[in-house]
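For clarity, chains are labelled A, B, C, D and E in written order, and residue numbers in each chain start from 1.
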Amino acid sequence: MSAPSGAIRADASEPNGPKPRHMFSRRNIFLYGTLILVALYYLLPLYVMIVTSLKGMPEIRLGNIFSPPLEITFEPWVKAWSTACTGLNCDGLSRGFWNSVRITVPSVILSIAIASVNGYALANWRFKGADTFFIILIVGAFIPYQVMIYPIVIILREIGLYGSLSGLVIVHSIFGMPILTLLFRNYFTSMPEELFRAARVDGAGFWGIYLRIMVPMSLPIFVVAVILQVTGIWNDFLFGVVYTRPDTYPMTVQLNNIVNSVQGVKEYNVNMAATILTGLVPLVIYFISGRLFVRGIAAGAVKG
Amino acid sequence: MSKSERPIRLFRNLNAKVASIPMILTALVVFVGGTAWTVLYSFTNSKLLPRLNFVGLDQYHRLWATPRWLISIENLLIYGVISLVFSLVIGFILAALLDQKIRFEDTFRTIFLYPFALSFIVTGLVWQWLLNPDFGIQGVIRGLGWTSFNFDPLYNSSIVIYGISIAALWQGTGLIMCLMLAGLRGIDEDIWKAARVDGIPMWKTYLFIIIPMMRPVFITTLVIIASGIVKVYDLVVAQTSGGPGIASEVPAKYVYDYMFFAQNLGQGFAASTMMLLSVMIVIVPWAYLEFGGRKRV
Amino acid sequence: MAEIENPSVSIQNLSLNYGAVSVLQTLNLDIADGEFIVLLGPSGCGKSTLLNCIAGLLDISKGRIFIKGKNVTWEEPKDRGIGMVFQSYALYPQMTVEKNLSFGLRVAGLARGEIAKRIARAAEILQIEPLLQRKPSALSGGQRQRVAIGRALVRDVDVFLFDEPLSNLDAKLRSELRVEIKLLHRRLQNTMIYVTHDQIEAMTLADRIAVMKGGVIQQLDAPQTIYNRPVNRFVAGFLGSPAMNFVEGRLEKRGDGWFFVAEDLNIPLGTYQFDGQPEAGPAVFGIRPEHVSLNSGTGWPFSTAANVEVVEPMGSDTLVWLKLAEQKFSVRVTSERTPKNDEAVTVGFDPMRASLFNAETGSRI
Amino acid sequence: TDLEVTHWWTSGGEAAAVAELAKAFDATGNHWVDGAIAGSGGTARPIMISRITGGDPMGATQFNHGRQAEELVQAGLMRDLTDVATKGKWTEVVRPKSLLDSCTIDGKIYCVPVNIHSWQWLWLSNAAFEKAGVPVPKNWNEYVAAAPALEKAGIVPLAVGGQAWQSSGAFDVLLAAVGGTDTFLKVYKDKDAKFAAGPEVAKVFKAADDARKMAKNTNVQDWNQATNMVITGKAGGQIMGDWAQGEFQVAGKTAGKDYTCLPGLGLNEVIATGGDAFYFPLLKDADKSKAQEVLAETLLDPKTQVAFNLKKGSLPVRGDVDLNAANDCMKKGLAILAKGAVMPWTDQLLSQDSQKQKEDLFSEFFAKPEMTLEEAQKRFADIIATAD
Amino acid sequence: MAEIENPSVSIQNLSLNYGAVSVLQTLNLDIADGEFIVLLGPSGCGKSTLLNCIAGLLDISKGRIFIKGKNVTWEEPKDRGIGMVFQSYALYPQMTVEKNLSFGLRVAGLARGEIAKRIARAAEILQIEPLLQRKPSALSGGQRQRVAIGRALVRDVDVFLFDEPLSNLDAKLRSELRVEIKLLHRRLQNTMIYVTHDQIEAMTLADRIAVMKGGVIQQLDAPQTIYNRPVNRFVAGFLGSPAMNFVEGRLEKRGDGWFFVAEDLNIPLGTYQFDGQPEAGPAVFGIRPEHVSLNSGTGWPFSTAANVEVVEPMGSDTLVWLKLAEQKFSVRVTSERTPKNDEAVTVGFDPMRASLFNAETGSRI
């Protein structure tokens, strides 16, 4: 290749190679500055929670909620987990934890199973009237839960499931259905229809296609659904308190009991420890699968 | 066997229909049935137990004459506008910042998103604590020497609803950011390049080109935010229990209180019917446009 | 259309509507056993729709479909004895090639031995034996396409349906696989229905081509017939690249002979084979660029002078654009004898190779 | 037999008291499964009612006796305890008689009263007044007069928690104390709206306005946090029911020395016979039904009564028990009770609906200094007009 | 490559890495003023990357870029005097065509009158006046493409960059717009850099074609040169459809003359123009299907007998597949003289038209 002609002969000082980028350019300072500030704002409550939960009550009374603990104590954590009292029950959150697990696992599985089949039926097997049900479902997403509490008590009573774990699982599945169905429907709609057709030509039926073709291809959206449901169900208070009995109270109800069973002064450190403990499961799930979450959202939720 | 006759309609796609029974039941029995039931009983004077003792529009007359209901509606409007506007704006700005090919994107995103993993109960507790005038932000800043500093939104009737909104935004913007980020990632790279070649500054590109292109994302987001707004309850209960006084009451809490605390189901049903009605007016036409019709998205 | 004895696929009065939109209108099509039929047409003309109707993937609105003499109008796709290959391949991404091939057979509950045998045979025919344990994501476009064909192959069916199976591939691969499909057909002797909007594919593969437009079959004939004697202006314009030249003018009788007249152009139609009794009136004269010759003397039944406007070298040939009767006109010449821009040339052709269309209806005269 | 008992007694003193009940019940060979629901009755009641109407009833449940469970009884969901009552001669031992009347519907007894609660107490922190340099007041009026001094000393004169029932209750106490028993009954029993709008009640609103001003810096939600302010001397006093006593006890404070209690705010020494009662939902399980009877008996057992009420700070429902262990304040209450100076309380007089409306009004009134007395009284009269 | 005085665009030692992946390697390219350069190459070879570097949309790793003699290596895209047209059009969907065209100008703060003038001119050139008030969604593919070009046009720039502007369009539209772009270039006389992987586009449009592979320019020459004298086997195979035939064998010297030998094939290379001094050894003989003639006597420097395997009619021509030295070999014949399957034919060609490549390096001998 020839050398460039004279008019543009190289000059050492001329721009050459990558454009120099300053680490502290105005843009970067603004960008990272904003992000860090906002991140601090988001982290502040978590910081306060953790710090407070590690302090003793005397230290808390001294005042500054932002100051790090002078003396770290895990007492509040132990208390929140295993000895805090509600009425006569002094086993802290530990019992609620297992109840929550026992409620969350089947609820998540059932609600996702139902919603994914719904979404699949809506996306690929559009039968007459399906849209109407779907619209009802979506509108249902907006109904305040309070409106439904009473009718559901009646329905559950009529089918004899009131107060049982299965009853609560059904309630969670019902209220998870609108958003999840929307999510799955959008996702399955965005999958190539030819795949579905190929499977039909191959002779697979409704369930065959669902189980063997659709489900294995839907990891991202299942991740999103699992995250949403685990958070939603784990954090649920209203249904947990209305549709269960004390020996099956989930952790949030236990949390509420501990926090509101004030004995003398509020034990802020125990409350904070209990709060963190309660939020731990969904938090861990988020920290682990944040990236998949965004990808799944992109795949399912955004394409209306 | 050769099926030369057109088979009966009902049995085509039978499996799909069978599989949809949970959805159909939920839609019809729970959502439609439950709603109808609620509306029906809103015309009765049911107290602790539902009874079909019709009193016409009495419950509605009383509802609209109750100062607490009016305050609740007003609060819901303020809260709704704040949540909508700020969730969208903050969510979008954060998403746009994260979309600048920055380092540690994962870390930042996780930080913004983690509050969403926490329940409203937890959120409410934490913020109640942070906004407590004695221990919280106000106390700390006063402790630093600025003794006239005043920041006690939860204890000031006129701004308490804003205090609640702060917590709500903290909890909810992360998800909105995620949705927006997903939407931004879906924008054709070429659009950005075209805008750069055209010499359009970044903010103008966002404002005039990208945002209009993200209409579907905004709609999904709107649905999610809006459905959350109508239902806001736990947060208020955990943060202020409606106080000070009744300054931070919201309709959902009114429904709950009157149905259960006051043991006046009829009143609660009337209030919830009003909530439903307003939701329907907005949602039904939209849902029909968005999901009805024959189009396959 | 000639009657076909014992057609392999027979479509009778097929109509299909999407809501209020009618996509196919009382369509009839008989396909002989072992025939390779190509459905050709512009995008949106209903080719895929027709294919999906045959496959049973769409519920038809009216009419009947027979495959191998059996009325399958309301059968499930799997019971129709068809195999289908899709444009996007539609391989199951989470299964290996082998699983992809065997999926339908496993669903049908075939014996393991039989499945293995069929897969072995298909893999051998398509030369994908080394790929059997790979996932589709680890295959090249051409390999994927072959697996997709294999999936239809193992089903051991009478009728193969292809929906633009090559359009996602690059030009080179496309031409290679074209030959492979042709050889496959020769070897299997199945009935094949092949949808494409690529005319080269249609021309090279088809026994007969059905050119469709707006849900209606315009012409169903052997490729050369369609190319040389298109029944209407749409078919004429749709086939051939570079496209046929059209000159608008009038058909006139002068003395004994018919002439095509446009401005100063007077083309004697002595050698032209009319489709019936011609009538004077507005008409369109069409002739393909390769049937026109440049500067090759006056030995042609018709020749005239023109000025070159643009020269488009296309590698092997060159397309020369000029104006005839003020209308754009292209001539295809081999690269050696390329004129320059603005050069004056003589244009000559034999009207025998031309096609005349009614200016209003567009049908062949 | 395991019997699940739901209640909303979760604060320190309350929980200790419940433990006594549980101990007594467990001693009968049965097992008390504790179903405490934190928060107040407002949070817990809906859950209890849902469970009873939802077909998953607990073995026994606390309600305030009065009208809260009326409809449940009418719907036939509650167990008739008449037989147990007859056997235990409840009509003879329970005193005052009105307690059992509240449990009686159509001549049948449906609940077991366990304590007498009176709202009309003013709890004062001796330390706070000492710090402010004023003597501990003897009645409401002196207290109001002392308020500026307290404020100057950085002490909140009156602690009123943010929960709505506290402000509403405080008003009722003022109504009974400042207005007098007759005024109280005229408003709440006769539901005389005109009277409620009249000058007698206006006086009470004036007093409520004082209370509102004194309470404006409280900044706590729960009643026991407010009590805690009194215990720690951060607040001068609190208008709260006798259950506050339990908190002082748990904190190790001595009546008379560390704190002072003024029944009827020192103006009108009457005890309202509100209180808690246990109801027994109708159960299908015969064993459990049996256990219900045992529990009902246990609750009224004199020993249980003493143990429970000492911890709870409330008064026992039977007159034949030995309460020597009782402290100063409790004895004051017993003395009033013995005099027969009793009156019914709002739980017995008003429906929950009216109570709730009242709560909404007073919680707004206490939180909103700009709400005028006239407006408040007018709205109050409106509520009384439609009350049932 | 000839030196170019005052190049319009000059790229010097350009390198670009994505992290550890090197996409472009010390690439040099000088483009004359008003020249139409086409970057041609298979998918992923770095064409778009190069174009984006020129536009300033990618930060380069090394090297310099000059446009109109000005070093623009660090300039913002808008300041480089370039206009760009994207494959996906990248129109702003919510703005009317007019807004799309004017948005950049308004942002740049141009006077209203000037903007109107430029839009009018562009609209006139591209004949999109009637569309100005429509939104992009209401336009056909071809119209969108024209608007996209218009957006570059109004910027009044020296250099136009096109990134596969036609590849989203159907074949017919593609060939129409091809001519339009050609006419546009002739009218504007701007420098144009045009990326495509469609060789017909490259051949018809380019003044010079840069054939790329793996981030390296393989050959930069006029279309006919590239077509007729490809510098290596890659270029030879990449251009031309149907593709060039390759026969693998050996280059041998027999007596005075050089021969290409493969099995029983002995091709005398007397008429072949060697690129330098040939050496004996493994070699590949390439010849295009249209440079081979069938059954046309023995007047050819070389001819041999063969059996037809498959006949592919392609409309205007027919491709005949046979085997030469056990290797696939295609011949393009005009439709009239089409042989049958299995017919015995004679194949003749002039080695002058052939290309010989080193079997190892693939470079032209």
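Going forward, a residue touches a chain if its C-beta (ideal position, glycine included) is under 8 Å from a C-beta of that chain, and two chains touch if they have at least 3 such contacts.
A quick map from chain label to UniProt name: A = Carbohydrate ABC transporter permease; B = Sugar ABC transporter permease; C, E = Sn-glycerol-3-phosphate ABC transporter ATP-binding protein UgpC.
This structure is a prediction, so every number in the text was calculated from the model and none was measured.
Shared contact partners of chain A and chain E comprise B, C. Taking the CA centroid of chain E as reference, the farthest chain centroid is that of D. With every chain reduced to the mean of its CA atoms, the largest distance from chain C is reached by D. Chain centres here are Cα averages; for chain C and chain D they lie 90 Å apart.
Separating the centre of chain B from that of chain E, both taken as means of CA atoms, is a distance of 55 Å.
The distance from the centre of chain A to the centre of chain C, with each centre set as the mean of the Cα atoms, comes to 53 Å.
Residue positions 46, 50, 53 of chain D are each in touch with at least two other chains.
Along chain A, residues 149, 154, 256, 259 each make contact with two or more other chains.
Shared interface positions of chain B, i.e. residues touching 2 or more other chains, are given as 12, 256, 259. Contact residues of chain A toward chain E in the complex are 1-2, 4-5, 7-8, 10, 14-20.
Here chain E touches chain C in the complex through residues 42-43, 170-172, 175, 178-179, 182-183, 197-200, 203-204, 223-224, 227, 237, 239-243, 288, 290, 310, 312-317, 319, 321, 332, 334-335, going by the rule given at the top. Residue ranges on chain D touching chain A, taken from their complex, read 4, 6-7, 9-12, 15, 18-19, 22, 32-39, 43, 46-47, 50-51, 53-56, 58, 222, 224-225, 228, 231, 247, 250-251. Against chain A, in their complex, chain E makes its touches with residues 1-7, 10, 12, 28, 30, 59-64, 66, 69, 71-74. Partner chain B is touched in their complex by these residues of chain D: 42, 45-46, 49-50, 53, 68, 70-72, 75, 162-164, 219, 221, 351-353, 355-357, 360, 363-368, 379, 386.
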